[in-house]
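Should a chain be cited, it is by its letter among A, B, C, D, E and F, assigned in written order, with residues numbered from 1 in that chain.
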Amino acid sequence: VSEESTVEARPARLSVTEMTELVLPQHANVLGAVFGGALMAWVDVCGAITAQRHCRRIAVTAAIDELVFHHPIKVGDVVRLTGRVNGAFKTSMEVEVKVEVEERGTMVRQTCVEALLTFVALSDAGKPARVPSLLPENEEDLRRADEAKARREARLARQRKA
Amino acid sequence: VSEESTVEARPARLSVTEMTELVLPQHANVLGAVFGGALMAWVDVCGAITAQRHCRRIAVTAAIDELVFHHPIKVGDVVRLTGRVNGAFKTSMEVEVKVEVEERGTMVRQTCVEALLTFVALSDAGKPARVPSLLPENEEDLRRADEAKARREARLARQRKA
Amino acid sequence: VSEESTVEARPARLSVTEMTELVLPQHANVLGAVFGGALMAWVDVCGAITAQRHCRRIAVTAAIDELVFHHPIKVGDVVRLTGRVNGAFKTSMEVEVKVEVEERGTMVRQTCVEALLTFVALSDAGKPARVPSLLPENEEDLRRADEAKARREARLARQRKA
Amino acid sequence: VSEESTVEARPARLSVTEMTELVLPQHANVLGAVFGGALMAWVDVCGAITAQRHCRRIAVTAAIDELVFHHPIKVGDVVRLTGRVNGAFKTSMEVEVKVEVEERGTMVRQTCVEALLTFVALSDAGKPARVPSLLPENEEDLRRADEAKARREARLARQRKA
Amino acid sequence: VSEESTVEARPARLSVTEMTELVLPQHANVLGAVFGGALMAWVDVCGAITAQRHCRRIAVTAAIDELVFHHPIKVGDVVRLTGRVNGAFKTSMEVEVKVEVEERGTMVRQTCVEALLTFVALSDAGKPARVPSLLPENEEDLRRADEAKARREARLARQRKA
Amino acid sequence: VSEESTVEARPARLSVTEMTELVLPQHANVLGAVFGGALMAWVDVCGAITAQRHCRRIAVTAAIDELVFHHPIKVGDVVRLTGRVNGAFKTSMEVEVKVEVEERGTMVRQTCVEALLTFVALSDAGKPARVPSLLPENEEDLRRADEAKARREARLARQRKA
């Protein structure tokens, strides 16, 4: 771990990222639904921008911890992605990305994909760099940070076993 | 013009669209800056989603009325696009798309591109369809609608001359 | 769940899938390494083909259960992906995808990414369809199937809690 | 403005650029027509090459001054783009790009899109560079140059007002 | 072979196709030159349009008979492709595609790639369809047709042997 | 020709390359089949990796000597490419790439495309570099090497004539 040892805490609210995409035939599989890889690319970009906004550095994907498809997404759909930092650790961050589809006639949104990813902040020399801690602003922020910490510990425990 | 003759007016606020993109080498020209066509594709998608959210139908690009590059955008930059309906006419809408680059270290935003596009709403049969009028909510909404109307009239006058 | 109630068991060996890719600038991020989304698209395609080979139907991504980047992958690298069915359930399969980079001079391979994904088999009518069970051929097959089952149960338990 | 103060005038004829493209599903929107962004990318490339051929330097997009879709373009269509320099100013050029669709059975062409773009010539140091003036060869060349100058002045006047 | 038994002969001149492309980083390999596959895609599109213009039907690639890279093509280069029908047979056509790079400063062109491809005309039912014969207009047209015929016979002879 | 004058012979078996791809709408033409250029890009990547594995250097495409489409490939198909070095010359290699489609229900494979390409090995300075000769391991290896040599000589003879 390199550089600045004191990094001011920041609220998650400041790095929330909203992406909107239009599903075109170039994103489709043979069924006319978004093919998994196209959607994952959007999720990854949304998560990376969220992480970079929090740490104010380049952030690279370290892991997808979970990504679940709840509903299919069709060509022509408008897709909204929202990224949010759940937990900030020494040099990494857990980011949640939620993907919603918006019905054209009613603008009602339905959650289609939920994902949790881990990004690592990089210094200009390409080494893992210190990440600002999260400044919780409400109960939900605290709950998200606790859950992210618990998931991280469970994962580290699983890795130690393996 | 087909279908529903009464379409309830809606405030522009409800269709404001925010897109965020990360500039990758696949979007670059030989100088390492975004190549014009890649940026125009993002502007077009952002404008189309904004228009579709206002008219709640499929909307297709009828014209770019103006698109100005103020500052270059580099590979690695985070780009934020904001779309907003300025004016709603019988079957068409003028949409403004603003593109900002966000500096990684400071999150300061700089406007890089400003564009005005016209989209046409399509019925399910693929014919131009009635568009809801705009419900102005403040002075800025009124000013935008007036300017959009003036630009439209100037353009129609130029076309009559040619 | 629809169709054929008896589906003959098949060994995982028969659906093992090998993909090889060359990393081009169009797959890179600003650091000249594969950007996360490009890699995830390859992993998803490799997993989907593996699943389709096992169930002999169209299979769509239901979840990424885990995807870890161990080492960066650079432009110019040759990447080898290997997909293998770990566990077969009623209408879904757990597929492991391993991504290795091959050093040009020595052809030594290094594991860069490991991923576990869940795919669902679809009938021609687009409904979840029965998946053949796995016919274990050796100790490793048995161990993989046991671990897949344990992961699935842990995930279902976590979901019931949430 | 940098470099060579004397740049020999050149006729527009020498930089006329013809591009031909085949519309594939990867260029389509949900209606099976070319999506606006794909078409704009072709228009931008055609205009940039035209501008580069005139100034013999790298030229980057400064603005789209107008781009009108007259007729939809369908998957499978053959598209012909023609770029031509209308006006040459100190360091910029106005380029017209016309897009025609060619009917397969009859080879009859129909104009689908007309666009006017402004490109800026860049020196090797990346600064705006002197552009050769246009050598008119006939009445049409003179008319185009006059109209380009008038449009430029009207635009500058509008910008001063705003 | 299906449909219309009499198809009027047409000169090759009428189907000559010119494409112009700008080489972007998304077309490059790790050396900053066009990667083979990107160039082949352009050659294939140019050849297909040329063939379609001759037979006025959909034409699909049956074979690349030869494609030679004489000089590398770099990111930033302007590339000109020219397609021309050399020979027309019962339901197929031999098309030559020449790829030139144009030097920015001098506009001098250098041939970089030469290719010969065979396309098959398809009826609306997707069956091979009669192709118009070529109407030679000069010595070069005759020479090209003779050479195409000789190449076709040599290839058929090689296939019979194998 | 540069560098190392003695390069140890290697069997073709060590550089055999297997690629698997899933045909998506982004690879299709207007008929819903793979468009020629998309397939050629896969063939080129498969051949380049095969050549690089043999010579352990960067290898670039010098020529396609033959590429024949035997059967169309449809969206949704699983495609398997196999690359193999047939002949190794001073600084170049002939690589065969076979493309098979795998039927989903039965996993029966059908050869769709056969291609022969020539790649040139490059030194770190970008100059043609010595290629290891092939160590034949069986009758088929000998036959392939003989045929590659004969094709090369025939091609050189044709080029001398032209």
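Keep this in mind: a residue touches a chain if its C-beta (ideal position, glycine included) is under 8 Å from a C-beta of that chain, and two chains touch if they have at least 3 such contacts.
As the structure is a prediction and not an experimental result, all values here were calculated from the model.
Colleague: Which neighbours do subunit C and subunit F have in common?
Modeller: Common neighbours, subunit C/subunit F: A, E.
Colleague: Could you work out which pair in A-B, B-E or E-F copies the interface of C-F, where over half of the contact pairs coincide by residue number?
Modeller: A-B
Colleague: Please tell me the distance, in whole Å, between the geometric centres of subunit C and subunit E computed from their C-alpha atoms.
Modeller: Their C-alpha centroids are separated by 40 Å.
Colleague: Averaged over CA atoms, how far is the centre of subunit D from the centre of subunit E? Could you give it in whole Å?
Modeller: 27
Colleague: Return the distance between the CA-based centres of subunit B and subunit D, expressed in whole Å.
Modeller: 21
Colleague: Indicate the residues of subunit F shared as contacts by at least two other chains.
Modeller: 25-26, 29-30, 35, 45, 48, 58, 76
Colleague: If two chains touch, include that pair; go through all of them.
Modeller: A-B, A-C, A-D, A-F, B-C, B-D, B-E, C-E, C-F, D-E, D-F, E-F
Colleague: Which residues of subunit C touch subunit A once you look at their complex with the stated criterion?
Modeller: For this pair, the touching residues of subunit C are 29-31, 33, 35-38, 40-45, 48, 58, 60-69, 72, 115, 122, 126.
Colleague: Give every residue of subunit A touching subunit D within the complex, in rising order.
Modeller: Answer in residue numbers: 23-26, 75-76.
Colleague: Show me the residue ranges of subunit F that touch subunit C in the complex, using the header's touch definition.
Modeller: Checking each residue of subunit F against subunit C gives 14, 17-22, 45-46, 48-49, 52-53, 56-58, 76, 78, 102, 104-107.
Colleague: Subunit C touches which residues of subunit E in the complex?
Modeller: 25-30, 35
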